[in-house]
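Look for chain A in each of the two complexes below; its partner is chain B in the first and chain C in the second.
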Partner chain A sequence: MSELAVELSNVFKTFSASNARDVNAVRNVNLAIRAGEFFTLLGPSGCGKTTTLRLIAGFEQPTRGEVRIQGKPMNGVPPYRRPVNTVFQNYALFPHLSVQENVGFGLAIKRVSKEEKKKRVQAALDLVELPQAADRKPSQLSGGQQQRVALARALVNQPAVLLLDEPLGALDLKLRKNMQLELKHMQELLKLTFIYVTHDQEEALTMSDRIAVMSAGNVLQIGAPIEIYEKPATRFVADFIGETNFLNGRVVEMGTAMTGVEVTGKRINLPRQNEFPTNSVNVTLTVRPEKVGISRPESFADEAKRISFSGVIREAVYIGTDTRYLVGLSNAETLVARLQSSPGHRPGEYAIDDPVIVWFEPGDIRLLTE
Partner chain B sequence: MRAQRYLSFGFAYYLLLALFLYLPILVLVIFSFNDSTLLVYPLKGFTLRWYSALLNAHELLDAVRNSVIVGFASSFVSVVFGAMAALAIARFNFPGRGFFLAISSLPLVIPYVVLSVALVLLFAQIGVPLSLFAVGVAHTVINIPYVMLIVAARLAGFEQNLEEAAMDLGATYWGTLMRVTLPIAAPALAAAFLSSFTTSFDEFALAFFLTGTENTLPVYLYSQLRFPNRLPLVVALAAIIMLVSVLLIIFSEWLRRIGTQTTPRGAE
Partner chain C sequence: MENRSRITILMLPPALWLVLLFIVPLGIMAVFSFREGSFGAEREQFTLENYQHFFANRSYLNLLGTSAWIAFQTALIAVVLSYPLAYFLSFRAGEARVTLLTILIVPAWTSFLLRILSWKLILGSGGVLNTFLLSLGVIQEASPLLIYSRAAVVVTLVYVWIPFATLPIFSALERIDRRLLEAAADLGCPPWEAFLRVTLPLSLPGVIAAFFFVFIPTLGEWVTPALVGGAQGIMYGNLIQDQFVRALNWPLGAIMSLVLMALVLVILIIFNRFIRISDLAGA
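Our next item is the complex of A and B:
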């Protein structure tokens, strides 16, 4: 497992635009993707995730830096000599070939014998649960079926790494959810390295072993889904993955185990997280809405370590299992809290303009500088 | 009510237009069966003798043969060069691409008479004799832009990542061209060939200036107009050519259509 499937070292990709303004699609990206890993490149459109995938596939060459696959340098190596296969966003099935000719395309080029080709094509179609579709044309298949053919066409070549460029983007929600699980199972079954590009954070969290969050050509954070969600490294990551709250603060003291922060005019102590210069550094505090509690002022138990602010309910939106409250704080900042409906909290428990105490545990707050 | 009036006006206009376009052709076909050497009304009676006389008109058949040879050869060369140019334009973003596109389309707007004179001068300079070969070269020149535009439109119409997919699956540049690009572009190539052929087949000015002793069909027909008694024969032949041209155009249009319909639906 420790063997590296794909490595990118200090990779830059610059496209020269016609109006003489160069576009830095990928800036100094470093990735070390392990063999057998489900690795996701996540980010909004234009963040460089697809370009990164194309650099690995060989459709683009890096402007600077090095791409290695299974330890071998790949700079200058064309796509047809790389041990990777791609599932394209719009499937890119050959319209003039039948399903089995599509799936057998790679094997035909490698001059695999007829019997073996037939066997492997059928096995691949069985794997994607389309055993009956062999003689049909891609145009006769539904979007979901085309997607499976594209997957079979890539897998049949037994690539070292499978590259998937938003493969589920064109499917409807229900089908997409099913395919997410199926893809994940397939990846575990085949013990293949998957590099998966998506802009859907939920999809990334569900499927990935590790996620690299990208923005504007940079990799901002690499980590397991739980790290990315619970310990976002930057404001962008916190904001892009799920919903979150931001509060402005100022570091006023750096202790050995704690960091003193002033926020909404109140001094609070948090567990030490990062190195900050002691004096007056502006920081952003972030806390997830589901980590925020609400109590009435008269029944709030001010436990020693809890951090609490007084506020007023501004908005209450009932969304089934949860109610989403917007709470205004004393300094005009707001916090969103998501409270699950439970015996302790019934929907409609707090009404607009109710004075409340919002509180959270110090460990649920992240301090961010950028 | 108002809409209906406009509609009937539109229909009348359309009818007039169609009449204007097709009446001469209809007259041609009618006279090809008329039993008289004079092309005047009233009609004299039905005959097939002009058609049967065609079979023995050796000079005329030679001219048809020459036209077919020139048509095939020039269309073939046009398709090869035009398709290569189309690939370059549709797939590569090279410096001077716009300029290249502009000058390759120039033969579309230069009057053939002007081009004829220019080619006569050029061929005289470089020692190419006036011949069917010279006509073929000229027809290749005028057909390349048509081929280029037809094929480039087709190449632009299908997803470029089909070619990336082929390379991803192990096909080299040439493998991709042979297995994916050309097969998908095949209907457009055939359509381009047929439209080149029809252009060459009825082109007059270039052939008139550039041919030597061997006439192409349009040139031969023109020379026969001086002999009134041969006129019905010419009319019969013209009717046949009309029919064949129409069939070829319909066929090439059909090819072009099925060509554009094979892109898979699904993704977006």
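Our next item is the complex of A and C:
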């Protein structure tokens, strides 16, 4: 049994607004975050991810349910008695203190000796590559540097769990990409538990060991990036993470190993998904654009297992390494296909109004109930 | 360039106002301080005698010292009393804060004289406080000491200034990013320590502003001491008023005024040297 850093059991958080109905920010959230894990809470704004983080930090108390950190119940424990530290969205650096006073803030409160404090502050500033900024004020630093100070200020306390609330949100794209990798390296180096809140799905996929996708206060799916991307549990997850296609279908046969589905008037056989409920009739099929192939009708090799539909190119957008095609199917539904430029596919190979066959492997299709 | 001329136009009215009503009168005062008398031929005589007289007579400077001490006490007490009030309004009052702030300020809309005279009713020999203490048996006969004393001046002025001292502190507290307090708690700070390490230092510019809001006008105050101060509670401002209104010694009055202003300037300069207000704000 691996050690759990943070556990949330049946946690609800309701905010009562005056003159308005209550807001259920978090509904029945269950999380078991392992020690040393990079765990991401991912979702659009207002999905409850930040509230969940604040429940762990102690800035909010759950309306119902229990929060445990390293096995200890945390309900009623104020933030200043929890073994966690937070990197805030807008850094929340103390403007009246120098960089080294900011970083040493937590140690000063714990009455750590002067020499040790100095040593640890310097080590933390070295870690975030800001050793020369110790005497400056936060206002004299760039956004990226402030971000590093905020990180050092949290890490210097050697917390059991580091909470990060969209820490890279205010940085420009290039800096953000660099910091993503740096954060990930730091987490692996320090073997710390990171709980990371973001609305950026790419960021989540790049950095996380596991991701919890949230929407409207609910956790929809928890899994490794590859699971979340390749095997989305709900339509929302499939849609939120990356681009995807949806097709409407009807279940016509439920076999032990396969499911027969009718899509755009054509019957196809898909491998059985164990987690898929057996009583659903109307279903949604989803397939990622990069899993869709395009061929000319005359050169299409109709291999037995492939699923194929005939269609017409409606749109072709060249985006550098890829070309993004929109293909109209016979029943007015459309599919997006992303074809990489390669010796087999040159940009501009298919033109608008070309009749084509779109195809994919049965294993690349997911059945969703909603 | 265009921006600059626009600023010039905008600055013109207030600049004119300051020159006409502040710089020019100040100049007139400075001129008067070197004259022999206020009226007639004496007006035209240049002399330094008034300065010699002023600095030779220790009682003038002593009274200035006393007045500074009274102003210091008043400002200190007003700030100490205003801080919790402003803190409550900013951090605890929630949606009621605007209402409560208005209630705090409303008395300041009534006549200054009225508010001071009302303290006569409280502190006077037949006043509320004396009657109350008599009925409790704490004192045997009505004490005249409650009014016409230095303490009466301080008590009355503190009352008058509290709304004005509360406002800058309140606005400094309002400017504090509440997330900083969350950050402090996150780093292990219990609430009282977060107050000492974050809230108090960040509100210091407001506290200092409040102190000088009270200190400077109190230093030149003459109405309150005239009404509730008696012989004991007389302040430097009364002395100046006497020179202009009763003694008709305008040159001496002008010198006294200039010395008062010089004192305020020196205090502000010394203060600015040790603590730069912009530093405190972290700007």
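Following the convention adopted for this analysis, the second predicted complex is superposed on the first by the 361 of 370 C-alpha atoms of A that agree within 3 Å, B and C clash if a C-alpha of one lies under 4 Å from a C-alpha of the other, contacts with A are read in each partner's own complex, and residues count from 1 in each chain.
We take it that a contact is a pair of C-beta atoms (placed from the backbone, for glycine too) under 8 Å apart; a residue touches a chain by one contact, two chains touch by 3 or more.
Because the structure is predicted, anything quoted here is derived from the model rather than measured.
The superposed arrangement places chain B and chain C in clashing positions on chain A.
Of the two partner chains, neither chain B nor chain C is touched by A:Tyr318. By the document's definition of touching, neither partner reaches A:Phe15: not chain B, not chain C.
Look at A:Ala92: by the touch rule set out above, it reaches both chain B and chain C. With both structures placed on the common chain, the touch criterion links A:Leu141 to chain B but leaves chain C unconnected. Common to the chain B-facing and chain C-facing surfaces of chain A are residues 57-59, 78-80, 84-86, 88, 90, 92-96, 105-106, 109-110, 137-139, 153-154, 157. Taken in their complex, chain B has these residues touching chain A: 158-159, 161-162, 164-172, 175, 179-180, 183-184, 262-268. Of all the residues in chain A, the ones that touch chain B in their complex are 57-59, 78-80, 84-86, 88-96, 105-106, 109-110, 137-139, 141-143, 146, 153-154, 157, 170.
Those residues of chain A that touch chain C in the shared complex are 57-59, 78-81, 84-86, 88, 90, 92-96, 105-106, 109-110, 137-139, 153-154, 157.
Touching chain A in their complex are the following residues of chain C: 177, 179-180, 182-190, 193, 197-198, 201-202, 280-283.
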